[in-house]
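Before anything else, here is the set of structures, which you'll find just below.
One chain, subunit A, appears in both complexes that follow, with subunit B as partner in the first and subunit C in the second.
Moving on to the complex of A and B:
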């Protein structure tokens, strides 16, 4: 079992392969410990708070488990989408802050394709795939703009993706949603019109809201893993990921078309992150509201970092963040603000940033253990 | 008095025994050289002494006292200093700031730059190591940067100075300066440990020489009682013929033709001022010259990293308007970069992944964009064997290979690609004799296969031994064209320094 896990998940031949899983786990644990200290300082009970948090997170069976579980997976699918958006770019050596923008671009595209006339009348099995393709194209193009500027003009992607986030936000909220895409006044709806029935994601776990978004995103994650590790495209972007940020030029010298790959990587990253926005519109809101409470894009960065930019890691981290967010409202019963899980998330990322130190500690521990075993054996021989 | 003594040092890395019970004893005030091939364990041993690695077992004595060195900080405390192969300097800081870094004189809590300046001046006078204390390190030539490194460790009171391949980055003149410095330091009673694989240098400077091979101490010899040939035999473990085998050139048609090529350097200065030459199939054209006279610009233009300002490059009869690494590689160019880490390999990648870089899109490594790992493994196993990359494990990360083996991996990668033209930029840089010999044989093999080879090298012996034609590059211009049998190393040397020019026959 251990061997199978090792081969599938962590790459063969890595001597300390378990380290890649242990470091995020320790970071999460430390974050919860620090979180508990915070709660204690403010005079509340960490035990009660965590009990409430996890009780309603959907991770563990309990009262209303079914609906918590569904809600958790519903939000997890969005976190996984934006997390992948960051992770894909990161594999190619790009620091993509644009998932937030890709997310809302995906959302608005989904809303439009969901209600607009020529599409709205189509049968579901045509309409829904059409929307998904359209959303991915829209998000992909939004991502590719930053990729293009990086590849051809040398403008750093951090700057362009942040700027594109704002451009997307104002295009949508200040123009589209209140202008050309506004619902007719007589319907009494603010924001865009509601999407047609054929555009809604099918539910899979009635009576809860859980829909096929989680299945879609798991399939996409698998495809991303396949792309990374099994295709020449993935091979090329990994060569870039290992070299670009250090200013090394080996991939370029080997004849890899770094510029084109940069644009394509950003396209894929944008397309996948945009799926998250589509899930939101097609499965939760059913329209694009006038003011959209986002944040999924930025949480995606945390998800990718906790998941170490590996597809499987992103799934697990996405589920963790989804669970924390699902349980968040209940911590108010322990008189703790519902934003508390963000603190946990933040600390986890902070500890992940310290991963070299954590790795060093673990190695030291391992070495000491080995040494003591050796000396015991040596002592026995004498 | 013994300055440094190591007893039974063993260092076990996963899968490699880097040091196998090594015993050395180094007297105070001597220059003690340690030679060996790349990966023989020289650097490992020094890193143990400097506290960068902890030995698996063994003891270290410094000035007859048993010590336990856990960190470089401990080593500095014991008056051990190390000049690393890659300098540890902050380019934007001045010489003074660099020298005092980590141990700054201060006025209260404020850094006392004036005092530091005078301290550095004093230090530089005391050891006769001339530096300008106020100059920025970025503006200094490599030789002077090294001097800054030496001053830095002298200021910390080092009595034992370790030099890890100090001449690898130096020009011949700078090397001579360094040797003068070393002799001076020796006279002052300092103990010097000199790591190298250049036997000529070792014979010139060392008092005693220890030879390491595959982690084992082969023996310690006194300079007076040995010869370069004997040392070479100890280093490699067999007789080495450093003579380069000569192969008759069967020259074919022109493969690469460069006309009036003018290229700007990265800083925007014109580094290559209109050069013209041809490379024909089956010949090796050597480009001699001191580093920084246009070699980098020539390479960058040929591989498509820089767009030339002027001039044309014709490949296989077709003039190339725009060269990118992607399209010129496709046309059949192989490239051995001078900097393995920057341009040759992806360090966190395994051998099997590195070896297909550039040909990963071709059958059988991939089909329709999907990699075939069975074929890749097969290919990698075969190539590691053929090019004698050690360890043979295709899953070793390039980062964990020694320099010589990294170079062999690059050769394996480049030479297994289909190519008509090979651009070899300092292909033996930092290699030991064994690996050098290997590279030479491979280059000759390529030539016999009818590949056009452009060899750029700083080593005159290499240029003289391998080339069929020699071009001398000085200050961005070709100042001479000759053949090895019509010239001498001395004459080439003069041309390289711009002291002699030769009319070229117009092509």
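Moving on to the complex of A and C:
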């Protein structure tokens, strides 16, 4: 009875389904412990560091909480976008390293549509949706290239997405931004021209810079969840992901058009990750600068892995990484570089890669508990 | 005599300087992936080693000590990658991502806490100093060969390593075992090969080679660590390995093509005229990656990797 209830309430069919949530939690905890040891070894106080980190992360109320909270959600929305980009592809059994490329392709598309003449004069309620659609198309096409190469030519997507990241980076930074899209010299702006007022994302929490990006991405996350768990399309993609190790024979036998679904999955993944780049341009920078401080795409991989590729998990992990990055600006007070969260993030991902070991530990613990209960109950007999 | 010879030789020497770090990384990839373990952490390993090399050289004042430190961190990272992917059959890509992310955070952290600077370390003793270069004065003035007159020991090592690795992989028992494990580990196991041992060895050896790549950057080309290292060279190495069909000589050939594109690009920036001037810099920079995809599509010959590359090995019970 209890089992049936669990299946209905949680929708989980595995026996130890709770482990899927426990593994990331333990990984995060272990990573914080390793991080603390690392700080201690280099002669600083982990207590002070973590206090500063979380104090300014926006997760807990405190001085300047309002602005920290806004900054956290602002960056979280970008991490959730790139995290979803990875998670969507992962659901279909694809390993998408390309979120970094999709992010900047989305960024440059947003910048162009934001300042270019025919669009810049439009009213906001037409201009902004137009940009979002354009950005998703651009990112989607960039993603679909890798999907196409995988489906039609059988080239591993890890390799193509890494290559496409660099191609995007060089074509944008060493051609578009310094060439055809360069701002006029008289304006004194380096990088692309600034976007028009009608292209900026509306603010929702003045006086902070928080804008509707977080609402957009939460809505998109819901749509992704709906797509995967409530539609035939999503079911087919999940089938592909589950049977990946058997060479996709089962989905093919079931009549799924694996090639087309692969391209479509990569298109959606690219489109969603590109949104992150649009948030950056339309809500934070307002132009594409000559040198773009990236990394959101690669952090997105970590976000998705910590969130176990589930939409809800990606939101939580995105908020965690966003909070760490926001808090990191203040750890410099304790003479700790602001790249410190990367260490935590790196170790968390390493522990998730080691999940076989963590699962083994948990099982051992569970078995011992079970045994001790058994021996207590049947103590006399044995 | 032609006055272009010094210029030609200087260009080739420059190309070789560009080649060495990428070649080390590519050979590291060749080593690891022939045993069936994908290593996308080449970039992170190079970054770690580039920094540790400079640190060691800074502490001791001797570039060789720096080299040892770099090799040491290479062994540690290789052991970590092997522990996750071989011992616990963890996902090789995830492990690689973890090492790359760690390299970003940890090296910057160490750079700031040890040297108290943000962008770059102070200059240290390095292999590129005029006194520590290998001088073959008799080659000077000869076209092409003259480029080899004054190279760092690391460049020579990288070039010799191509031959050594080719010999090891294709003409020794160990090499046969490594390739057998990469192609079909279960078959190899039935022949009495210890699959786990071979994989551990190949991953650590590959990681040490990648570490040399980092050292060639910070102690060969430059004399200090800059925070932008390894500047994507690990990923170019990965591309070169694939473009070169997972073989040492193939990787060398691929990198020489990439290096030519690089030198051509530097040349074009200065003196190009006519049609070549119209091609923007971005196209030259992205050429190696486009060529790699081209190679994979089959435009430039089909690239096929070891059959069991990237598949975690679990013993059948």
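Basically, the second predicted complex is superposed on the first by the 361 of 382 C-alpha atoms of A that agree within 3 Å, B and C clash if a C-alpha of one lies under 4 Å from a C-alpha of the other, contacts with A are read in each partner's own complex, and residues count from 1 in each chain.
In the analysis below, a contact is a pair of C-beta atoms (placed from the backbone, for glycine too) under 8 Å apart; a residue touches a chain by one contact, two chains touch by 3 or more.
Only a predicted model underlies this, so the values are computations on that prediction, with no experimental measurement involved.
*Asks:* Between subunit B and subunit C, positioned on subunit A by superposition, is the outcome a clash or a fit?
*Replies:* In the arrangement built by aligning on subunit A, the partners subunit C and subunit B clash.
*Asks:* Which partner reaches more residues of subunit A, subunit B or subunit C?
*Replies:* Counting residues of subunit A touched by each partner, the higher count goes to C.
*Asks:* Just subunit B (first), just subunit C (second), both, or neither: which does A:346 touch?
*Replies:* So A:346 only meets subunit C here.
*Asks:* Which of the two partners, first being subunit B and second being subunit C, lies in contact with A:250: first, second, both, or neither?
*Replies:* In the superposition, A:250 touches subunit B alone.
*Asks:* Of the two partner chains, subunit B (first) and subunit C (second), which one does A:235 touch, if any: first, second, both, or neither?
*Replies:* A:235 contacts subunit B only, not subunit C.
*Asks:* Scan A:335 for contacts with subunit B and subunit C and give back first, second, both or neither.
*Replies:* A:335 sits against subunit C, while subunit B stays out of touch.
*Asks:* Given the touch rule stated above, what does A:312 touch, subunit B (first), subunit C (second), both, or neither?
*Replies:* A:312 sits against neither subunit B nor subunit C.
*Asks:* If we overlay the two complexes on their shared chain A, which of subunit B and subunit C does A:189 touch? Say first, second, both or neither.
*Replies:* neither
*Asks:* For subunit C, which of the listed stretches 57-65, 111-119, 147-155 or 183-191 runs into subunit B?
*Replies:* In the superposition, subunit B collides with subunit C along 183-191.
*Asks:* Can you check the complex and tell me which residues of subunit A touch subunit B?
*Replies:* 12-13, 15, 230-233, 235-236, 238-239, 242-243, 247-257
*Asks:* Could you pull out which subunit A residues touch subunit C in their complex?
*Replies:* 38, 42-44, 95, 97, 149, 153, 155-156, 158-160, 162-164, 166-167, 169-176, 178-179, 295, 298-299, 301-302, 305, 335-337, 339-347, 349-350, 352-357
*Asks:* Can you list the residues on subunit B that touch subunit A in the complex?
*Replies:* 14, 303, 305, 324-326, 328-330, 335, 337, 341-350, 353, 357-358, 360-361, 366, 369-371, 395, 413
*Asks:* Which residues of subunit C touch subunit A in their complex?
*Replies:* Those in contact with subunit A are residues 38, 40, 80, 83-85, 88-91, 93-95, 97-106, 108-113, 118, 232, 235, 238-239, 242, 280-283, 285-286, 289-290, 292-293, 296-298, 310.
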